[in-house]
Amino acid sequence: MSITLGHYLALAAMLFTIGLAGALTRKNAIIVLVAIEIMFNAAILNLVAFWHFKVFTTLTAQMFAMFSIAIAAAESAIGLALVIAIYRHYRSVDVDEMKTLQG
Amino acid sequence: METIYQLLQTWLPNLPEPIMRLISFAVPILFVISVFPGIFAYTTLIERKALGRIQNRLGPNRVGRWGLLQPIADGMKLLTKEDIVPRKADKFTHFLAPVIAVIPSVMLFAVLPVGSGLIPVNLNIGILFVFAISTGSVLALFMGGWASRNKFSLLGAMRAVAQVVSYEVPMVLAALVVVMATGSLSLLTIAQAQSGGFLNISNWFVFQPWGFVGFVLFMIGAMAESARTPFDIPEAESEIIAGYHTEYSGFKFALFQLGEYLASIALAGVTVTMFLGGYNGPGSHLPYVGWLISMGWFFSKMMGVIFIVIWIRGTWPRVRVDQLMSFAWKMLLPMSIINIFAAALYHFMPSKFLAWVVTAVGLLICWWGLAKLNSDGEIKKRTYRYAN
Amino acid sequence: MTTAFWIISAVTLLGAVLAVTLRNLVHCVLALILFFLGIAGHYFLLRADFLGVVQILIYIGAVAVLILFAIMLTRNVTGTEGPREVFGLKWWSGAATAAIIGALVLAAIRRDELSKLPTSTQANSSVLEIGKLLVTDWVVPFEAMAVLLTAALIGAVVIALEEVLRRR
Amino acid sequence: MGFLGKGLFQGMAVTARNFVGSYFDKERMVTVQYPEERVQVPENSRTFPFLVFDNTADHMRCVGCKICEEECPPQCIYIVMDRDENGKPLQRPKVFDIDISVCMQCQICVEVCPFEAIKMDNNYEKSQYDRFDDLVERLPDLLKSNEYYNHIKPAEASAVDAKLKAEADKKAKKAAPAKAAPKPAAPKPAAAPAPVAGRLVIPEDAPFTPEQRAWLAGFLSSAGAVAGPATAPVESAAVELPAVEEAAPDTEAAPAVDTPWHDPGLAMPQRMDLAKERPLADKLMAAMAQTDCHACGYDCRGYADAIAGGAESDLSLCLPGEGETAGMLEQLMKEAGKV
């Protein structure tokens, strides 16, 4: 059985679901960030799969993937900085404990 | 790989196709996993001998003539030593770390052109591959340090991670000038671009101003990446015992050493390929024997770079952590960016001689200016209040 | 290609599942690295060599290390989490939401409208092309990305240093 | 003011010089390749004690007097005196063990030995496979010839030899006219124990100025033979005395109340002075060396009583006291009219 686009889409969907479940169920902010990274990667994998199977001639999809990776890197940097700042404030990284909007 | 395949096709055309493929795969792999660990073993011996001579000692000379069997004795000793795992350690990670330490280092050799047309795999993203793979060694250091459940190990691991992440940036930027000059990321193409000229020497990139600066920056970055003195604060024995491999003994320790040395050797090979002409040298393009001569050139240049690293280890003191960081971010990073501009300038100036002079002077001025900006003022002779 | 796909997919899924379920934070990140490696393997498999290398370089070399650093800066260094996760309302609702969304997406894929799109097989993914595109057609997004990364850098420093600055 | 990083390259030049130079200039190399080459140990270095014999191993200088056993701070010496079938001491040790795992190389045994019999070795290769028995040196291991002593410590040994020879000559001269004195066969022809005039001798070629030499002589003699009262003049204390460290009161038996002279730190005239008004046995005892060394087969009290009671007729048995004691005993016996 040869690998088709469908396989990759299913894989990416599964990864996305895992990431989503992690982000929704876990309490630790860092794990939530990890789960978000998984979702990001699943999406980028989709882009590359589409590029490979459908539009092999132009590199637009790869461009998109690269920009997504860069944005993900920036996002994780900002996210972790926020986590550290929150940890300094609350002495905890439990997302359920961050209820107040006012510092 | 392709070279061997073609050779097989011309010399033994009767072999079935899969066997030919298999041989052409197996020969480079066997070459890498046999030659480079051998070089590793004897590099340790050379290092100990050279350090001894630098300190007016003899170095190992007991096992075999001139201590030539010393690496074998060391290996046997490390193999037979007890493998200790701390009781509180994270067993699985502790076991995995030395394995992971070796894998990226061995993989680095996959893209090294060791001779004229002799490259295990000619990746068109060779340099990027080198950087991506050498990043992986950070993980091994972190895993080893973290899994040991030891303050010193963890400190060493954190230092290692911070250092490698910091020095990767100027190292990549320093390598960029070569990519700019050749328009390719493949190490084989880069090596080929440096052939020709007077005795196959004059086209080496190290003889251009930007090439020389890039060479120095890349060497510094490579030394920091493989945690060699003066950048060996991850394993600074006077501060944190042995850093991340404090809790390792026996063959796991040997694997860590192997990984470290292999990374060092591989980065020396990459340095040679990118700046010192790779396998190019007098006679490297002769027919029939050219591949052997070029291999000789490559390995002798590589050993030369390794010797310089050892020499530096025998001479310079270790830098402090804050010095390490500020040197990377305030000195190397601006310098490598300036170097990229210099390379671009060189590329677009019509008269190469003029370009050489202009870029050389410009880089010197920038180096001097950066040094002035970063210096803490004149170093005065230290006086002691209570002495005399 | 087929065998490689299944193996790499298994590794990727395993890494993802472990990354969101393991108790120890550091183990989570190590599993995440496994996941990233799997994704990079998929990129290589899909002939996007450059993306694969970038994936390793950025995700494993930078993001994972960053997360490890964040763990070291926030939790106790052993990375052990507190009490076991409570399977309360939040957990069940979260898991149910994820399951429903996953089911929807998979159902959409099962419809398989996409495979009817025309297929191309001409490989063209050289780094040279990517580089040329980046500074010609895509130069504006590229520069915007540069600005974004700089802003992120400064923003991260400011957020993380806020407390320190206030204390001074 | 040089260029940037000048110091780094100067350092590189230094190490490069070392590296290259070490292949051409043997003077640079500091390595002593141990099993083949050995460091020349300084003459004054010391490791563990050994016993000196003259000529053959039968003529050991040690008489088994147990002074060193008594004085040894870590108690690492064990001596059993050799006796004939009548229980008479043969003036040599039967057992002489030194546990070198206990020995702290303090050299006190050497300082206290009146016979120049125990000396410090400088052989440092003493490692053994067994941690218990092998580290106890028995008599045969300990015995080394005078030639060996001369070999390892030429200056010190020649000084000792010269002194011993001088004492032997003096004794021979004294003995020649006074043949009448009843003397048993000399126990040791070659190693006739002789009194020591100042235990530590400064060699003639020692690099000292005259003032230093004078001070050192005073210091050494006072250290070797300090008189009981602290006010005793130092030079006059350099008399012929068994060498006993003054600072070992706790290892000695507490002096009996009625025998105040029972203190090896006292000089002979002082001891005799203390025993002036006592009966003969006490006077005789005061003439002994007060070490209770059992070299004579008794302790000091017992020997004195035996002589006074006529059970023992040999007056030369007190080895630590040397000729001084023998002379004094003879004199006392003459005074008492018993001879």
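Note that the chains are named A, B, C and D in the order they appear, and that numbering of residues resets to 1 at the start of each chain.
Here is the rule we go by: contacts are C-beta pairs under 8 Å (C-beta built on N, C-alpha and C of every residue); 3 or more make two chains touch, one makes a residue touch a chain.
On a predicted model such as this, the values are computed, not experimentally measured, just so you know.
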item	value
Relative to subunit B, chain with the most remote C-alpha centre	D
Most centrally placed chain - per-chain CA mean versus overall CA mean	B
Averaged-CA centre spacing for the pair subunit C and subunit A, given as whole angstrom	5
Subunit A and subunit B: spacing of chain centres that average the CA atoms, whole Å	34
Gap in Å, rounded to a whole number, between the CA centres of subunit D and subunit A	87
Rounded Å distance between subunit B and subunit C, as computed from the means of their C-alpha atoms	29
Overlap residues in subunit D, where contacts from two or more other chains coincide	none
Residues of subunit C whose C-beta touches two or more other chains	50, 54, 62, 69
Category of the chain touch graph - line, ring, star, complete, other	line
Those chain pairs that satisfy the touch definition	A-C, B-C, B-D
Subunit C contact footprint on subunit B (complex, rising order)	90, 93, 123-125, 128-129, 131-133, 135-136, 138-139, 142-143, 146, 149, 154, 158, 161, 165, 168, 183-185
Contact footprint of subunit B on subunit D as seen in their complex	4, 8, 11-12, 14-16, 18-19, 21-23, 28-31, 33
Touching residues on subunit C, where the partner in the complex is subunit A	1-2, 5, 9, 12-13, 16-17, 19-21, 25, 28-29, 32, 35-36, 39, 42-43, 46-48, 50-51, 54-55, 58-59, 62-63, 66-67, 69-71, 73-75, 81, 85, 90-91, 93-95, 97-99, 101-102, 105-106, 109, 112, 114-115, 117-125, 129-130, 133-134, 138, 141, 145, 148-149, 151-153, 155-157, 159-160, 162-163
In the complex with subunit C, residue positions of subunit A that touch it	1-11, 13-28, 30-31, 33-35, 37-38, 41, 44-45, 48-49, 51-57, 59, 62-63, 65-67, 69-78, 80-85, 87-89, 93, 96
Complex interface listing, subunit C residues touching subunit B	24, 26-27, 30, 33, 49-50, 53-54, 56-57, 60-62, 64-65, 68-69, 72, 77-79, 126-128
